[in-house]
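Here come two complexes built around subunit A, the first alongside subunit B, the second alongside subunit C.
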Partner chain A sequence: MISNEVVELSRLQFALTALYHFLFVPLTLGLSFLLAIMESVYVMSGRQIYKDMTRFWGKLFGINFAMGVTTGITMEFQFGTNWAYYSHYVGDIFGLPLAIEGMMAFFLESTFVGLFFFGWERMSKLQHLFTTWLLALGTSLSALWILIANGWMQHPVGAEFNYQTMRMELTSFSELFFNPVAQVKFVHTVAAGYVTGSMFVLGISAYYLLSNRDVAFARRSFRIASGFGLASVLSVILLGDESGYTVGEVQRAKLATIEAEWETEEAPASFTLFGIPDEENMTTHYAVKIPWLMGIIATRSINQKVDGINTILERKRGRIKSGMIAYENLQRLRQDSNNQVAKAAFEAHKSDLGHGLLLKQYTDKVIDATPEQIETAVRHSIPRVAPMFWTFRGMVFCGVTMLFIFAAAFYFNAKRTAHKQRWLLRLAFYGIPLPWIASELGWVVAEYGRQPWTIANILPTHLSTSTVDAGQLYLSLAGFFVFYTVLLVIEVFLMLKYVRLGPSSLHTGRYHFELEGESHA
Partner chain B sequence: MLDFETLRIIWWAILVFLICGFAVMDGFDLGIGMLLPFLGKTDDERRVMLNTIGPTWEGNQTWLVTLGGITFGAWSLVYATLFSGLYTGMLVLLFGLFLRPVGFDYRSKLPSPRWRSAWDWALFAGGTVPAVVLSLAAGNLIIGLPFQIDNDLRSSYSGGFWDLFQPFALLSVVVGVALLCLHGAAFLQWRTEAALAERARQVIFYSALMFVVSFSVAGVWVAFSLDGYHITSVLDTSVIANLLAKTVAKESGLWLANYSNYPLLILAPLLAIMGTGLVVFLSAKRFTGLAFLNSALVVVCVIATAAGSMFPFILPSSTSPISSLTVWDASASQYTLKLLFFATVLLMPIVMAYTVWVYRIMRGKVTVADIQKNQHILY
Partner chain C sequence: MSTNSLPLSIRPKKPPLHTWTFGLEITIAVLVKFLLLAGLWWLFFAGQKKPMNEAIIAQQLLGEQSPPTTIYKPQEQQP
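Now for the complex of A and B:
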């Protein structure tokens, strides 16, 4: 049996490294598109300032991109180093999008990123523009494939268990690719990345405007960021992935815990705006509810029910018992693959095998589980309510605040007075951390909300780890901690330095710090 | 059209191809990293070295990332067993790789000599650590790793990090480091000029010598002393065989069995050694581009030698030979292999085409004058 310590340390390491990686990914996604837009304007208008913009924001992009690459390799290694049984059990499906991601997206972005920085003098304007667009395309394609992989973890479709190879095997690529959860997640995540890039450019431009330097440069950057940002933040909110929460049981459990909906309500369900969820008594204190809203958001209808936590737990109980039968017959089949009786019984209960495996945490044999152990497994078959409830609301709060900032920026831009609205500039500047907070919280909602599974209803988290010992994990955690801390300090230091320098860092002789001598003379 | 047996042989070949792609493309980047503090005498010279690979190293490293992804997708059990077994080694490799993207991008962003010198050593480590760990791992693959697969197909590994440092594996490190220094120096001589190119030429000579000697010793070792592995049971190659049902022999010299079945295989090690001589010759005659092409050929031949000797083994197990992962029992399902095959055939030629395009645009020698002219743009 795998020790809980190993499981918890592996989870901690994965969560920390994924959250850390996700400090850089959204900015890469968003900035690469903003660079492509700025350079397109340059090529169409022929005005030098847009080229300077592309190159300056490109410098900041580069500082961030290096960290994204650095921390991204960790993620790919970690499935193998720390989640070896997972890799074996679902590699046939999960590995496929990752392999395609490498060939279709990673090569594209990493081959053209060098050309983006060093190819300015060696290519025609159009060729360079093409390079920048390919770079942006590469980053978004990468998000597409990784979210297809991730979407499958949340809602595993198009695959079946093979008792001879003891793993899940792919049966339909189109189901994998067009997985509704993956599609919604892709739009949501990529748009969130675009929001991050926009907020970054908007906030830093606001800082230049507030300190009254490089105004022409900053105003143009501000304008592009506000338009792109508004469109993106609207996509994130309107196409937010709540609509992906009605397919698949784990997704429904997420929705119920996010909303702290203990009992199934009559359709259309109300939306709990605020409250204090109480896990012990399975109730929410001081709940402020908006009638109908959740039913409409989640089901896009007024007559479908949204499952409450109790309804879900009741189903879990049945599935765990059925999973025990599946497990028992799987063992018989592993002994003798021609045992027809066992085969028939296994086929009948196969879809609940994962629920049977949930019991492995409490008893290695599974079939000898006591009623108490079954009840414990049922109780832990969905995530805890409070973390889901709060992280989700934190994310939405950040999103709505950004919507306000972008809408105001867009409005005052249209009136051509944005640069005079000092309150707005300040808000944009202090709002820079918002998209990062929202992204990190969103990751927690999606991935903590998947617990206790790595693959929803198929493979429990505690079975997924490698057979390593805790000592190795403490060592690697310490290594990550040291490296990531040092690298973050360096990255932030360089980023701040270049942000302060502004476009003067291009050494074109056209910007603030280079003109200072003349203008003050 | 594509039966499972053929498909898996193709997938073994694609795996070898990707390893070659990584070793050829990223190999000279790693080599240049290892040579950086020694060949670059001044800041400008070190910048010349970095900028010969600056615009392209990132794409080159993607071969490694893609290799990981492909192994995950097409050989899941290999990916799981190898990465979890070599846990600490993999993390050391990873920490080494960390230093490269930031090293390249951040090094010249500040003028301070201390800042730059610190990053130069980081880039040195970023070249050396991966070269050493990967060669060490390759040596251990040939020796066999101490792992076991149970009835649930869960792998457990019984060695520790320091057990990787076995004599044959250490010799592999010498082979690997010499080879990558040779390859890196060949690239440098081609893409730089004057004193730097001259120093690169000297490195080519010495690393070629070191490579030929160590590679030959390794060959003799494998032939007369090192345990090889051989499947002794009859396998059904049309399905995914039950891993634990096979029988495997383990004794010295068995890694040469493939050479009697496929005599042409001997060309791989022979070409590796002859090609090295040719690299030295061409480099001395200043046919630097051809010398580099030849060193790429040598890299491919070395990998082909190892892979060809081991086929159909991918990961032999030293402690439980029947747990060894082979082409016949460690692949993905036929459907996944087929899909991934079409994806690879479609995508990799495109990748290689635009890689060539990028190299063409960035072609030509990098000089100290270029660095001084583009202080604020180049790495």
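Now for the complex of A and C:
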């Protein structure tokens, strides 16, 4: 049996690299679309300032793209080394969207990044605009394939276990592509990226306005960011991935733990706004509830109940016992593939095989598991409540704060007084980290919320890791830490340098640092 | 509105405009990144290939000690 230390270190290493990688991704997603919008305004209006805006924000996009691209490849390193069992068991399915993503990222996105930067003098206005839109599209498309892969881990569809090869095999590409969890995840994640790009442009424009420099440039950037940001943050909140929470048992468990909903809520289910979850006594102290809201969020209706943790655990108990039967018959089938009785029994219970495998963490003899071992497996078959409860609320708090900032910016822009609202400019500037915090917390909710599984209901996390040495994991963890820290330092250094320079970095002679004795362009 | 109201660390100051070009800075940054990435690969992953096949995974999941005798073999299906 693989030690818990190796499992936890492998998880920590993957989580840290994924979280580091995702510092770069949302800004690339968001800025690419903002560049396309700015350049469209330039092409339609013919006004030079919009071209300058596209080129300046494009520089910051370029820094982020250059530092961010291939930072995700370290996760592929880990699949082979630290997650070998996982890679073998589900590689046929998981590898497919990853490979397509690689093609999309390298051939579409990277090609159009090159054309965007070097094509200004070589292409017509319309050709260049087309390139910029393709860059935005390519960026979002590569996100789509990664999220299809991740959505499959959350809600595995279109695949079947083959007991002869001991692997999951793809049975339907369309089911994999149209997986409802992946689709809502895509909308949620990409829109969150648009919010990040908008907050970045809004905050830096606010900085220029607070500094009373490049005012015309900053006001226009602020205006575009506030409009696009408001639309994006509303889509994150209203069309977000909440609707995906009712698809599949792992998603339902995730929802119940986010809500600290111990008992099933009859329709119309209420939403716990705040409270202190007590896992030992399975209750939430000082719960402040909003009637009906949970039903609307989770089921988009007021006449459906929402499962509580106790109901889910009861179902898990049944599935673990069914999984033990699947496990026993799989062993028989492996010894004699012509055993028809074992085959029939396995087919009847194979959807619960993963639940039987949960027992491997507590005993080597799954079919002889004691009632105590089964109860331990049941108790640990869903994620811990407190981290889910608080992380989700942290993410929502950031989202609501950004909604307020974008709504206020949009309102004062409509009144043409946004540049005079000093409090709003300060709020926008200091709010720059909010979308990153929200995105990172969102990934923690999504991935920690899937535990104890790597592939929901199919492959437990403790059976996915390789038999590697813990010392080797500590060393590679330190290596990753150094690698990403160096990248982050370079990124922050270059970003700060070019943000301070502002549009003067374009060397057009029209902006702040190039104008002697003038305060703004 | 005075720039003095901003924190010192972000207060605008005139940076040098014509030191290195943007393109050169990005090229160096990307080179540093690829060198580090190659170093990481070489140090921690290149020699760590894990052999993995059906028998190994069956041993991990089911505790099978030896390869079963009647198991499916892909090559048998070849014409």
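Simple rule for what comes next: the second predicted complex is superposed on the first by the 511 of 521 C-alpha atoms of A that agree within 3 Å, B and C clash if a C-alpha of one lies under 4 Å from a C-alpha of the other, contacts with A are read in each partner's own complex, and residues count from 1 in each chain.
One rule holds in what follows: a contact is a pair of C-beta atoms (placed from the backbone, for glycine too) under 8 Å apart; a residue touches a chain by one contact, two chains touch by 3 or more.
The model shown is predicted, which means the values in this text are computed figures rather than measured ones.
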(request) Could you check whether subunit B and subunit C clash or fit when both are placed on subunit A? (result) clash
(message) Taking the superposition on A as described, I'd like to know which of subunit B and subunit C A:Leu170 touches: first, second, both or neither.
(response) first
(request) Using the superposition on chain A described above, determine whether A:Ser504 touches subunit B (first), subunit C (second), both, or neither. (result) second
(message) Between subunit B and subunit C, whom does A:Ile100 touch in the aligned arrangement: first, second, both, or neither?
(response) first
(message) Let me test your reading of the model: by the given contact rule, A:Asp336 touches which partner, first (subunit B), second (subunit C), both or neither?
(response) second
(request) Would you sort A:Phe222 into first (subunit B), second (subunit C), both or neither based on which partner it touches? (result) neither
(request) With the two complexes superposed on chain A, say which partner A:Asp92 touches: subunit B (first), subunit C (second), both, or neither. (result) first
(request) Using the touch definition from the top, say if A:Thr111 reaches subunit B (first), subunit C (second), both or neither. (result) first
(message) A:Gly62 in the overlay: touching subunit B, subunit C, both, or neither? Say first, second, both or neither.
(response) both
(message) With both complexes superposed on chain A, which partner does A:Tyr327 reach: first (subunit B), second (subunit C), both or neither?
(response) second
(message) If the shared chain A is used to align the two complexes, which stretch of subunit B, 25-33, 61-69, 151-159 or 331-339, clashes with subunit C?
(response) 151-159
(request) Show which residues of subunit A both subunit B and subunit C reach, each in its own complex. (result) 62-63, 66-67, 70, 73-74, 77, 80-81, 84-85, 87-88, 164-167, 334, 466-468, 472, 475-476, 479, 483, 487, 490, 494, 497-498, 505, 507
(request) Would you pull the subunit C residues touching subunit A in the complex into a rising list? (result) 1-3, 5-6, 10, 12-15, 17, 22, 25-26, 29-30, 32-34, 36-37, 40-41, 43-45, 48-50, 52-54, 56-58, 60-64, 68-72, 74
(request) In the complex, go through subunit A and note every residue touching subunit B. (result) 62-63, 65-67, 69-70, 72-74, 76-77, 79-82, 84-88, 91-96, 98-104, 106-108, 110-115, 117-120, 122-123, 162, 164-167, 169-171, 173, 334, 466-468, 472, 475-476, 479, 483, 487, 490-491, 494, 497-498, 505-507
(message) For the complex, give me every residue of subunit A touching subunit C.
(response) 59, 62-63, 66-67, 70, 73-74, 77, 80-81, 84-85, 87-89, 164-167, 207, 209-213, 327, 330-331, 334-338, 357, 360, 364, 422, 463, 466-468, 472, 475-476, 479-480, 482-483, 486-487, 490, 494, 497-498, 500-501, 504-505, 507, 513-514
(message) If we count contacts the way the header does, which residues on subunit B are in touch with subunit A in the complex?
(response) 54-59, 61-62, 65-66, 68-70, 72-74, 76-77, 79-84, 87-88, 90-91, 94-95, 97-98, 100-102, 104-106, 109-110, 151-157, 240, 242, 332-333, 335-336, 339-340, 343-344, 347-348, 351, 354-355, 358, 361-362, 375-378
